[in-house]
Structure formats: C-alpha cells, structure tokens
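As structure tokens, here come the structures.
There are two complexes below, and they share chain A, which is joined by chain B in the first and by chain C in the second.
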Partner chain A sequence: MNSLTTVGQKIPKRDAPPKAIGAAVYIQDMKVPGMLHGKILYSKHPHARILKLDTSRAEKLAGVRAVITAADMPSTFRIGVMKDNPPLKTGKVLSIRDEIAAVAATSPEIAEEALSLIEVEYEVLPGIFDPIEAMKEGAMLLHEETKSNVLKLPWKLVCGDVEAAKKEAVFIVEDTFSTPWVTHCCLGTSGCIAQFDTNNNLTMYSNTQIPSLAQNDYIEALNAFGLKNKRVRIVQCVIGGGFGSKLDTYSYEYIAIRLSLKTRKPVKIIFSREEEFFATSPRQCTITKISHGCDREGRLMFREIEMVLDNGAYTSWGATTPSVMMLPISSLYKVPNVKYTAKCVYTNNTYSQAMRGYGNPQATFAIESSLDQLAEIAGIDPYELRLKNANEPGEVTPQRFKITSCGMKECIEEVVKRLNWKGKHGRGAGRGVGMASLIHVGGGARVYKSDGCGTIIKMDDFGKVDVFTGASDIGQGSETIIAQIVAEVLGIPIDDVNVINNDTDICPWDVGVHASRTTFVAGNAALGAALKIKSQVLEAAAKLLEEDPAYLDIKNGIVFSTRNKEKSTPLGKALRKAHYTLGGKMLMAEYFYDPKNENFDKEFKGNLSVSYAYGTHGVEVEVDKETGQVKILDYVAAHDVGKAINPLLLEGQIYGGGLQGVGYALGEKMVYVNGELKNGNFLDYKIPTAKDVPPMQAVIVETDEKDGPFGAKGIGEPGLVPTAPAIANAIYDAVGVRIKDLPITPEKVLKALKGKEKIG
Partner chain B sequence: MNRYDYHQPGTIEEAVGLMAILDDAKYIAGGTDVMVLIRQKKLKPKNLISLRNIKDLVYIDTAKGLRFGAATTHSAIDNHDIIRRNYSALTDATSHLGSLQIRNVATIGGNICNAAPSADTACPLLVLDAVVSVVGPKGARDIAVDDFFQGPGKTALAHGELVKGLSIPSFGENTGSAYIKHTRRQAMDLPILGVATRITLSMKNGAEVRCRDMFCTIDSISNILAKLKEEELKIDEARIAMGVVAPRPMRAKKAEAVLTGKVVSPELFEEAGNVAASEAQPRDSIRGEAWYRSEMIKVLVKRALIKSMDRIIRPDEAIYPERLW
Partner chain C sequence: MKREIGFTLNGEAVRLEVEDQWTLLYLLREVLEMTGTKEGCGYGECGACTVIIDGKAINSCLYPAMEAEGRAITTIEGLVSKDGELHPLQTAFINEGAVQCGFCTPGMIMSAKALLDANDKPTEEEIKDAVAGNLCRCTGYVKIIDAIKSAAGGR
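Here is the complex of A and B:
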C-alpha cells in the first residue's frame, strides 16, 4: 500500500464534541412515550431468611403500576455464567445486593416511596465473608444444592514439569500477593428501558457492550416467561463507559422486562450512583501464592501459582477471569515450566465481573512483583532479568500461543532509556524506579465459538458512506477508528463516513467489546467490506471512464486513472451513473471477519489470539518516609501496538489505562466489612482526580502485525495491566519495603517502614 | 420524596425573621453541604432560606486585622493577597478545599456551621484566634471560635441564629501560620488529619528575624533547625490546632505551652508533636487508622511549625519545604 492519508493521523474522537457540549443522548436522557420508572428493593442483610414480604401497601400508593417479587418470575429461571442467580430472590438472600422486589410507577420518586412501603421481615443468618473460611471442610454452604462452596470450574494449567525444574533452579522465591475489589466507576451508571410491542416483541434501550449476546440472553428470558419465538431488538444509547461492567446482563434488566410485561408499558430503570457502587459487579479480588525459579544466569525455569478468588454469592464473568490470567502466567517472559490452579469460592460478598484486563492485572501484579524479588536474590538488575527472558517474535509459548509480532524488548529498552534507569535504579534514599511488563491478547480472543464481527457498507448517490458494524463504541473510540479505516481504503475524507453501531435490527453480529479486540476484529471486518465495495466502485467508474479498473484508484473522493491523467471523475458521479441506469445498482458490500484463532483445548492450550500485545511501564517514585506517601515523579508507558491507526486515541487509551492503574495501585479498594460496602461513594472510594495525574509519557512501539488492519493490534486493556507492580517495584527500590497487598496506602508503607526500622 | 420551599431574603433581618416564622427551616449558603445531606436523606427541611442574596454577608476587610462575611466564598479568600501573606494558614485551607467548582460556591460560614470534624477552615481559624459574630432573634453576640465548635455537626449557635461574619486580630510582623491537610488525593478529598500552627518569634538580641537564607538550602530540615538553634529564635506565642482527631476540631493547648517562651530547636518541635499527639483521641475509620493519625500528628505538627517559621523568615518566598511534602 502506498502512503496513508487517514490511518496513522491524530484525528480527534468523533463523539468528543457532542459529549463535551451535552448533546450526546445517554440512557439517562432517553425517554419513550408512556414510560414508567422502575426501582429495585435490595436486601438489608448479606445473609438472611425472608420470613415475610408484604407489598400490599406499596401497591396501593397512587402512581404505582406494578410491584413484582420472585413470585412473578418463572421459578426455575436463573441468570449468569453458572445459572445460579435468580433475578428476584425468595427464601434466602445471600448478599446485600440481592434483589427481592421491584416497583414500576409513574415517576422515579413515587417508585422510590413505594419501595419504602414494602414490608420485609428477615431472620438474620451468620454469613461467610472470607473465601478461605468458606473453603474449609464443614463450612456453611451458600447454595444448599451444591456440595462445596468451591465452584466447579476447571482452572488448572500445567506446562512442562515444575517439580523437576524446582530441583534444578538455583534461585527460588515464593510469596503471597493479594488484590482488592475495585469498581469500574463508569460516569454513565447502569440502566435500560424495556418496551414491548403489541406482538410481544421486545426492544431494549441499553448501554450494553455485548448487544448480540445480550439479545441471546433476553430471548432466553422471554422463552422462560412463556413468550416463544419473539424478536428482540437492542438499541444502544451513547454509552458512558463500560470497562467490562456491561459485559453481562443483570437482574435489573430482567426486572425491567418483567415490569414492562406486567404493565404493558415501557419501563426504565436507571441506577443511582449508590446502586452503581454496591449493586454492580467489581473486578475480582484475589489471593495469589506464587513461586518463581531461575538458573544461575537468571533464565526463568518455572512459575507456579495457586490462586483463591472470592466469587461472592453468584457468578458472572469474574469467575472466568482465571482463563485470561493463564495468558501472563504461561507466557509473560519465556518460562518453560508452568503450573497454575485457581479456586473460585462462594461467599456472602458481592459477585464480580470483567474489568479492563480481565484478570491480567491481578496475575501480573503477583508475577512482576515476584520477578523483582527473584532478580534481587539472583543479584541481577531487574531490567536485565526482564530483557534476558523477554518474549520474541516467532516463539511458541508453553500454552501454545504463536507469537507473531513482539516488541517487548523495544518496550523495555524505551523505558530504560526514557527513565534513565541505569542512573536511578538502586540508589534507595527515598527515590526509586521500578518496571513491569505485560502480555495481552491483541488479535481477538476466541472465548466463544465465534470471535467474529460483521460489517455492511452502503454508498449513496453523493459518495457518502454508511458503515453498519456490530462493534459497539463504549467510549474507546472504535467509531472513529472504523471511519478512518474505511476512509483510507476508499480514498475519501473521513467526514464522508458515517458509522452506525447501535442497533441489532440493522447492524450485523459481533461478539462484543471485550478482549481489546475491536480495532483488530471490527477493524478487519470494516477493511474487508471497504475493499469489496471499493472494487465495485472502480468497476462502476471503469464504465464511465472507459478505463480498465486495474488502473483506477480513489483519492480525496476522486476516481482517477493511474496511467492517464485525463481520466478522472468525482466519486458521486460514478455512483449516480451506476444507479440511474436501466438495470442499475446501489453499491453495498458486507464482510464477516472471524480471526483464525483457536479455542482452548481441555488443557487450556491453544492459540487464543491471532496476535499478542506487549508493553512495559516504568515509574520513578519518591516516598515520604515520615508519612508513607508515595509520589510518582515520572511515568513511562511503552506499548507495542502493531500500528497506531490513530495516535491521539491510542495515547488516550494509554493515559487512561495508566491512570486507572495508578488508582488500582495506590488508592482504590471497595471496603467490604461483613458483606457490607462501607465506601460506596466517590469521597471514600479514591479514584485519582485530574490533579493526581502524574507526568506520563506514552511511547508507541510499532511492530506492524501482519494480520492486523494496517498492522494494528489491541490496546484497550493493556494500559493498566503492569501499572501496580511497576509502582510496587519502584517503592521497593526507593525505601526497601515491598507492599504485597493492593492498594499501596500510606498506612501500609509507613507500617512496613517502621517494621523495617525495628529489625534493621 | 423531599419537597421544600426556597426563600431568598435580601437582608440579614429578613433572613432571621423568616427563620422565626417558618417551620422546619434551614439556612443555605453555597449548599455544598446542605444539598448533599438532603440527597442522603439526613436532612429533610420544609424550607430553605438562602443567604446568597444578602450583600452584608459578603465582604473582606483588612483595615484592622481581618474581617470577612460568612457568605464569603473560599475562592474569594483564596485570591486575597493580604490574607495569603498575613494569615497563610487560612489560604492553605481554602486553596485545597474540594475543587475549584466547590470553592467558587461554598462559603466559609457554611464550612464552620456544618461543623464537620474535618472542616478545613476550622483549624486555621482556631490558631488565628478568630471570633464569630452572630445575630439571632435575640440580638447579636460574639463567640470565640474555640467555643463555637461543640461536636460533630454541633455549634454554639442557638435556634435561628445566623453567622454574620468572622474577625481575626492583626498579628505582628514576626508571626507566621500554616495548615497542612493530610489527604490521599490532591483534590476532592477530606483530610485524614489536619494540623494548623501559628507562631510569633523574636530574636534574643532584638535583631531582624526576616530575610534569612536558612531555608534556601537543600539541607535537611533537622540541620536547618539545628542552625537556627544557634541563633536563639524565641517563640513568644504559639497555637496548634488539629482536625479529625476528636469529635470537634481542637487546640493542642499542652503542646502550645511546651513551645511558648522556648528557643526553636529540633528537639522542641519534636516534643511539641509528641505532646500534641497525646492530647488527641483519634479513632479508626475507613478514612484512616487511629495509630496512623497519631503518627501523623507528630510529623505534621513539626512540619506545620517549620512552614510557619519559614513564612516569617522569608515572607515573600514560595514555601521551600513544600519541596519535601
């Protein structure tokens, strides 16, 4: 391909102006004629028997149109990954976010008041809030029909022979690391509007990040409600952030559907900020025991990890994050022998969900912290240890990932250079540097039977293009990227490309916004469709210009002959000519791209992704030894992205991810005490503010991935994966204390420093 | 569902009068505490009496000491050069309160009347010996700010009384003050602990205290203090106040006594910190653990004293020790 005009340019996000001026329509803004407002009553206790549930007073309140309880749901209907979650609970409640009744009323205020009129009597039961306790023999069972609180999930990966490697390793470290629940903090809270037509077909106004899968879920629900063979349409409003939180369907959506069916009116449910904190699913918390060994030269010989995950009371995608954790565990740096097991355990806590990185941040925190410990006892500079073991193109990892493009070494070198690592590492005295790397899927991830995305393109009489894609834009900028790709292929200005990505009635199937896959998969789908329609355009123009299509190209909306300057025509003219002719045609093309990646086999091996994304973060910190406060002085984030289709958006992903990682490292934690959330607000749940943004350099390393659209790989999640261990390692370098439990609060640092003082 | 009527009196008398006749009424200034409490259903007033249109509540007057109206916003205080120079502790508080948007509407009267143990302006006002002027149905009176705070959300205000303004005496040239807000974030955060100090210094031989270069080195603070010790800087008056360590913002009077009349030395500041910590009764909360708060009192008292001193010695300089924390 000759020089690029649109791809590779710093083009501002298309949705930025409407968002900035308040013109974007979020689910919160959405109104449907005749709409009612739904509200949900949650349990007061994390574990209790419901002795009495009386809704009669609520039903009598003026303006209330329906009150529903578990009795209104089919008794066997369950949602979630393990189908262990009834949308409305009866008998026993297992967590404080258990939904027990819901109201639809003519205003949110009336619905709220009605909730206060519902009388519930509980018999409070003792709860289990610690997964280690819950695993013990004879522990009370959360779900009585199960035999154990440990979920029946097969999380085990064995590559090579760890036991043998242990005997040969010269240096071995072992330690335990833990991470807390953290939450997505989407500015746009959860919400939906459920609406039925006269034939009981459902339209859901939604901010899901998985429209096609959600459609499937709702169809299942309608079947359960006795509505067979119905259509479901999902219309997405502008989505105010996802980060994984909207990767599943939740009770509130089924409650809205049920209330709508009962009232025959559209029903809207919008979460308050308080609900968004306690009633949505956070990133899974983990306890990770890890051991690493290397030979005398520092070559990694084995990695062994045992992990316990608090599953909470029900199961969403959080329980499946160990499958993605396997990625760094088996393949971050070259390590021939790997063993990993993970247990997900039911407790009376909140249940978890995907969140940017899908388990990778938790695993990488343990791996990269442990590697620094190993470097220390092996007497090797942590950066040299990493370089020595870095992944390389052409490698097949123990989990059978086929590494194509790989810029890990370049990323490490960039960090070393830009941070002045060699002058700064090992000085102590309150200042230090640390680094950590990452591997993530960068070319889709075949977690379902299909990892595909469909795209349709049509052109109008004036050379303007509509692109219908299955891929949702949840703020990450895919709309802009897809427009760039299509504009590049068609040789037209980007403003001539309109992207439609929010309606299952008109957009083709896509598996969802996850696994950093949209630029790669939806980008390839758009590329394929654009190439197809381009050849149609050239054929149409060929007739008009009387030129061989092989010698035609398009630039700036003009079709021209590459061998005869005289022959050219505006694109619109060629299109009109094709249209307004006897037997004419409108140009349309479709393309479905499904990457050639593999599902894991029974042993969790296989080439999950067509390509892999790499990156290294380096941090310089200053630690106040009297207060334990950590200040980030410098931050370098180098990412191998294949090709930057839009460097502006790409840097945005790196800054945003990095900052979310800083929050994970230094501030954020959902404080659950006996099953109750104690800091469900932005004052006490400490996400970084604009003033907390450290000086950050985003470094783009381009490795030109052969399967990527224009060479690109994914970048959505990687930005926050290595942040926490890089910071933890820098703190260790600065003051010699290692914090193994996130977040790294001043209290923990000071306590560790004081402990060190006493020993030292 | 909470519905209320919103009243907009134009004068102090009108506001006090409305308060006397209306049911379940609450004054509202910037509303940054009131509206939050209403949303949390901790407050369910039937009437809100807005103080925003009362001109007599908004003024800053530095003719004699410092006087300002209750409805003066934190931003207005923050942008006032004389306050910054002579009453630095107050500016330290207003410049880090909430965010710019909050500071542009929230008032200093609202901050003290809300009487949170974490209220940022409370400690500075305590060390600056502020006096609160109030008016109510029974007339006007003055309350020393130390008597004003009575507990979490509790003040000395009688029913219907309104804070008109505050006044702070003028301190001599050799006085400096500082407030350190210890937080996890750089903005939009309440203090885990707040410490304010004010000291007045004199030289033994009556020489000029100002414009010395002691703090203009990269020497460690303890070395700087050790050098100052040789100069025999005497502390004539000292105030220390602490927030979030007791049900109300409090003075550390024993620690103040430790300092008064003594010559500045590293040991003295250390001792003042330790004594202040012994006067506090910090608690464990999700915002901070008690042991940590105690430790921080020791550190922050020391640092605030140094900062106060720096402001006497180099009144026109940016604060050099800021480099360190």
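Here is the complex of A and C:
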C-alpha cells in the first residue's frame, strides 16, 4: 500500500466538468415525454378542521388532468418514521405544510391556477407551538389517538452514577442552551417524476439520498394502492444538495405517484423555493439543560443532559437524532458518568428531519459552551481542560464505543498553534479566541439492521472498468473517491474507471448517504470488489504469461511479473484472452461490505461505528461593543480524517461544513410565529454569502484507521458540528458575555452587554 | 401578447416570438431547452440563473424576455469554445474543487466571467463582491474564490 498513485491525490471531482459546462441534468432539467405537472395545495392554517373541500371548479379548468384529495389515498395509508403522516390530509390539518389536495395539469401554470380554484373552508383551531406547552398535563393532543404529545421514544442513556459523581465533584456548572429551527437550503429544490409502465411498475426520477430505502417505501405505497408485487425503479438525477434533507420519502412523492396512477401519465412535481422553505423538514429546535462537573485538577466527572426537541406535527428522522446526540454526550472527552434524557414533542409546527450532523451540532453547542463555563470556575485554560480530558486511541467510552484511531489531541494542538492561542486567550478588550471539538461516527453507523453497501465491478475487453455502487453522490464526491480506490487497487488510470451510482435497476443495495459513512462503507465495498476482480485478472494473466499469480501485479494498466521483467502484458490483452477462449469468461465481481459495528442495545450502548472522527475548531473574533456585531478574524478547522483519500474534496467538506456552521452560529433561524414561517425566502433567511467567508484554514490531521479503506474515515458532517460553540466561546473570551441561544445575533450580544454593564 | 424579438445568444443571432410574461430564464430553459442556467429561487435572491447581458451579470429570472431585444446574451452553454475547449474559469472551477453539488456553478461562473471581463486582476474583495449574489450551500465559497483567482492569474 505504500507508493500510492491515485489515493491521496488532489483529483478533481469527476462530475465537475458536466456541472461546470451546464450539462448536468438535475431533476429540474429532466423531462419525460407526455409529462404532466403536479402542484400541491397546502393548508392555510397550522391547526384547523376542514369543513368543506370542493375541487369541482379546478377539475373543470382546461388542461387539468386530475385533482386528488385524501379520498384518493387509502384511508389507513401513512408515511414517516412513526407512520403518523397521511400524504393528503382530511378532517384536521396539523401544520401549515399539511397537504390537502393536488393537481396534475399540462403545464405548471395551469396546475397553479387550478389550485386557486379549489375551495376549502376551515374551522380554525387553537394550536400548540411551544414544545414545553405541549408537554404539559392536559395539553390539547395533536394526534388524538396518542395519550401524550411526547412521542413514545425511549431516549435515555445512563452510564456510571451521575448522582454520586455530583457529590464528589469540586466544580459544577449548570445552564440551559437552545438552538433554533434551521433548514438545509439545498440550492436545487426537491422534486420527482413518477412514471408507470403498462404493467404498473413504477419508475421514480428522484433526488433522494436513500434510493434503496425509498424503493422499499414506494413498494409499500403501491401495495397500499392495491398494486401488489410491482417493481419500483429509482433513477437519481444529479442531486442539487442533500445535507440530510432527502433521508426520508415525503408526501409530495406519494402525491406524484398517485397523480401518475390516476392520469396514466408521468407526473413531475418540483418545489418552488417557497415550498422548499416551508414544506421540507428542517433541523429541529432544542432546549438543553446541561450540567458538568470536574475534580480539582479539571478531570471531568460527570455530564448530565435533559433535552426537549420540537418534533413538529409529524415524525421523520428528526425524532431519532437523540440517538446520535448520545455520541458526543457520552463520549466527547473522557467523562465516566453520564445521564441523558430527551423528549421529542408534537407541536403544530413543521416537522423535523435530520440535517448534517444529525443532532450532533445541537448537543455539541451545549456541551462545549458548558465546558468553557466549567474551565472558568475551575481556573483552567479551556484548552488545557480539553487536552486533559481528550479522547485517546484504545479507549472504550462509557457508551461502549471502541475508539480506534483518534487524533483529537493533535487537532487541539493544531488549533492552539495556528491561532496563537496562548498569546490571545484571556485578553478580553473586544477580541477573543474560542475553541470546540467534536466526535462523530467515522466508520459507518449501524442505525438500521444493515449498514451495508454493495458494489459490482465489471471489466471490458480493453481494461476499462465499470463500478456499480449503491452509494449516491450528493455533491460530496463519493463517485470520485470510489473511482480512486478502484483505480488504485487495479493499478489503472482513474480515467479508465466509470462509476454508475444512480439507478436501482443496476446498482446494488445501499442503506443511504448519511452518517458520513460513504467514504468508509462504500469505499470498503469498492475496495473489496476491486480486490476480488484483481485476483481474477491476475489468474487470467497468469495463464497468458505462464507465471504464478502470486508474483503478478498491475501498474498503469500493465500486468507484470514482480520477479521476471520479461513477463508482462497489457491488461486488455489478458482480459481478451480470458474472454475469447473456449469456455471463456467476462470478468465481474461483487462485494457487499457491512461494517462490523453494532446496533445499540436496549440501554443504547454498543459500538455504533467502526471508527470515530474527531476535530477541533478554533476561532478568533472581534466584537463591536457598540453594535454587537461579531467579526471572525481567523478560523482554524482541524480534522482527524484517518487517511485523506482526496485532500481537495476533503477540504471542500471542511470549508463547506464550516461555513454552514457559521450560518448556524451567527444568523440562521427559521422564524415560526404561531406555526407560520415568517422568513421563508433567501432575503429574510440569510445563509452565508461569499462576503461572510472568514479567513479559514482547513487542517487535515491524518491518523491511520486500520479498518478504513486505505485508512480513511468519514468527513461529511463533522465540518459544522463544533462551529457554533467555538464562536460562542470566542465571544465570551472577547467581551465576557455568553450567548446561550443560537443564533448569536448582534441584538442578543448587545442586550447581553447591556445586562452585564448593569450588573458590573 | 406575443412579440417577435431578435438578439444575440452565445454569439449567434436568434429571432423568435416571446410572450409578455416570459422571463429570460423561462425563455432559455423552457422554450430553448438550454437548461445549463438554473433556477434556485425564481425571485432574484440566489444567482443560480445568472447570465451575462451586454457584459453585465444579470439574474435572468427577473429579466423580462422582451427586454432581450437587440442585446448580446451569454449563458453557460456559450463558454465552451466551438471545438469543445472549456473556458479558463470552467477549468479552474473543476481543478480547484469549486464544484460540489454544482447547482450554483453555472451562475457562479457567469458572475465571475462578467467580473474578469471587466477587471482582469480583481482583488479578493472584488471577487467576493462579484459573487455575493450567488448563493452556494456546499462549498463555503473558499475554493470558488480560489478558482476565480486562479483563472484571473492564468490569463
């Protein structure tokens, strides 16, 4: 494995050229002959009874091919993680994104006009928009069949004895932190095209992150529609951003399917930006009560967290984020005693989904802010407190994570060095530095029964390779990483590797692009398949060269003997020889990699991932005491990534994640007032622009992860996890005020500064 | 109401009938089926639809198609030379890692081109200003800025 030629290189993304010339086909660009356009009518109120729904005028509009309502869906059909969400609602609506009716028409404009002709009468009901209110005894129930608005989910983790540790701890801090609703803001909006063949088999053009699981969901839906034993094919167009938003299937997809069935035509639904804001599932808001304690030397003794999460009106994967939050809660730094409980609560808000980091950013904001508070009362430099408690290789954490490679200390040291921490921390006077670290799954995450990915490789007569992988590319670059791994193993130029990753009819199963798992899991699957086909190639070449395959290898597309220079042949020749022989064969190999990680047991313990990713972000800020404005002067993001398979793409993940984190820290918030989104556009919901880019350094800390493909670990999500607390800590260092409620707006800083003056 | 207009599109003269309410983006994407120009918002806030009109980077989603009369319009499709050679900005975006999901990329490149056509040695601030209206959710802009610098330097 030494002297790598492709792995470790800054190879440009293979899908970049079509994207850069405007030739890439996104779902927005996709057309199918005869296609109709679907549009959805949403509720006008966050909580109301539908008294009357009259679609007759819409149906009569020229160009309208179908109008559907809940009556067109099987009455018991529900979607989502808890199966609590009918794709079209009847009786009661529970949020402003509730779908009431939908239209298919010959143009989007006609479909839109038809929506305006649908008459709905509502009886407006009082709603519950605050999870704390919704938890109260006697609160109105959103879902009448449940006993409580608190979801029946068992989020509780206990490690060691927190009560006993509390008695022994010398320094204890306790506080409450909160985070807002924020949304993915993929530049390409959601959409799909549903198409049936004459036998009622479904093809779905989609931008999902979970083709194999979505296939399963749609098959269930077809069953519910009475179409048993049908085939479902998912074809992914180029995906205009994911970040977790496409980890579930949503009402609009089932609506497109239903409209297509009814009209016998392909039906396309594309979200407008407005819909993308209010009708997709964002990262939920959280309220976190945290307490931390340490001994006299600053060794952590316990961490206790109680959390409330706004689930919204229905349930998607957002409700399962506490499972991933447990990771930093139990295992970010060494802390022997841990207690964590979380409640997900139904409200009449939008409903939540996972977003890059899967709960980790919310938890890490509380943990890393609280740690700085602890360092202060213990009289220890926050960086020393972190170093003293840092995770180490070989450690088994209280939640039974087996830490293999771990570069946390190196990441902390990188930040300290590059930020000149020692010269800058603790000066106050409007300038300050702060840091925060992260732990995340870096070797898959066994959240389902399988965490696997399949790969098929075939080679043609000329030494060119097709790799069929289950792993989707959502822009992060998995296609390139997989091609690099295969090219490296087979000793061929990367241009000879073609990766096919977007069609369930030809690609093998994969659990989905989530949990920063693709490089590790799909990478290992590609590695396994490549090794398998390589041995077949060498077998074939061995016959041709009359050499023992054990002494054969491939480089630059030439098979050669490692002990006899005379014996070599171009790869293609060996392949043709194998093919054009009586009883010959085409070379093909498959490999299914399922990491040997563990599902949590009933107590939520177990080695969720084969390896863990670490990182530390450090930031220097300047706070304007007159305006409350926070300016980032310097930003260092150090990440332990195992081996960097492609530093170019890796840096891209770090910068991209980092700036999303800056948005989360300083500006982004979906403003929901009584269940209505007040800032559902890019003007009012501001994501960072080029003008907001601070001086940023991405530092790659390499550790050797023995289970990773060529030593690599995941990096997709970590980039934004520690940003917000690092910035909050820096602001505290600069001006002595701690903002505990994201985002850290100038108004909040100013208010805190005023409050401090009064006390001071 | 329909009216016939004429303009130059990627160096070629076109004449066609357009409707009053059409935007230039609609004309490009839906009528001419040139889907390289993207729609990220449809109301002038994301820059995905940027094209160059008479040397200026413009959000085509807000630009009435009628107004194209007599103008010279360049879209992302017009950047590749006749013999298939990519524009230096396209090459730089590819090589510097400035493309992730790619949805912002055509618009971003058009804004950058308008900048470099007018100013071949922009400062970092000028680059940031030029693409401030082009949102990207994936890259954190760092490599986009690098790519524009490198394309400017390579001229």
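Here is the rule we use: the second predicted complex is superposed on the first by the 760 of 760 C-alpha atoms of A that agree within 3 Å, B and C clash if a C-alpha of one lies under 4 Å from a C-alpha of the other, contacts with A are read in each partner's own complex, and residues count from 1 in each chain.
Just so it is clear, contacts are C-beta pairs under 8 Å (C-beta built on N, C-alpha and C of every residue); 3 or more make two chains touch, one makes a residue touch a chain.
What you see is a predicted model; the values in this text were computed from it and never measured.
In the superposition on chain A, A:683 makes contact with both chain B and chain C.
Here chain B and chain C are compared by how many residues of chain A each touches, and C touches more.
In the superposition on chain A, contact of A:542 is made with neither chain B nor chain C.
Of the two partner chains, neither chain B nor chain C is touched by A:744.
By the document's definition of touching, neither partner reaches A:193: not chain B, not chain C.
Of the two partner chains placed by superposition, A:457 touches none, neither chain B nor chain C.
Of the two partner chains placed by the overlay, chain B and chain C both lie in contact with A:691. Of the two partner chains placed around the shared chain by superposition, chain C is the only one that A:652 touches, whereas chain B remains out of contact. Touch criterion met: A:16 reaches chain C, while chain B stays clear of it. The intersection of chain A residues touching chain B with those touching chain C, taken from the two complexes, comprises 682-683, 688-691.
Across the complex, chain C meets chain A through its residues 29, 34-43, 45-46, 48, 75-77, 79-80, 86, 90, 93-97, 99-106, 109, 127-129, 131-145.
Across the complex, chain A meets chain C through its residues 10, 12-13, 15-26, 28-29, 184-189, 238-243, 272-273, 474-477, 648-649, 651-652, 655-660, 681-683, 687-691, 693, 696, 698. Taken in their complex, chain B has these residues touching chain A: 1, 99, 182, 184-190, 286-289, 292, 295-296, 299, 324-325. Interface residues of chain A, counted against chain B in their complex, comprise 109-110, 112-113, 624, 626-627, 629, 667, 671, 678-679, 682-684, 686, 688-692, 745-747, 750.
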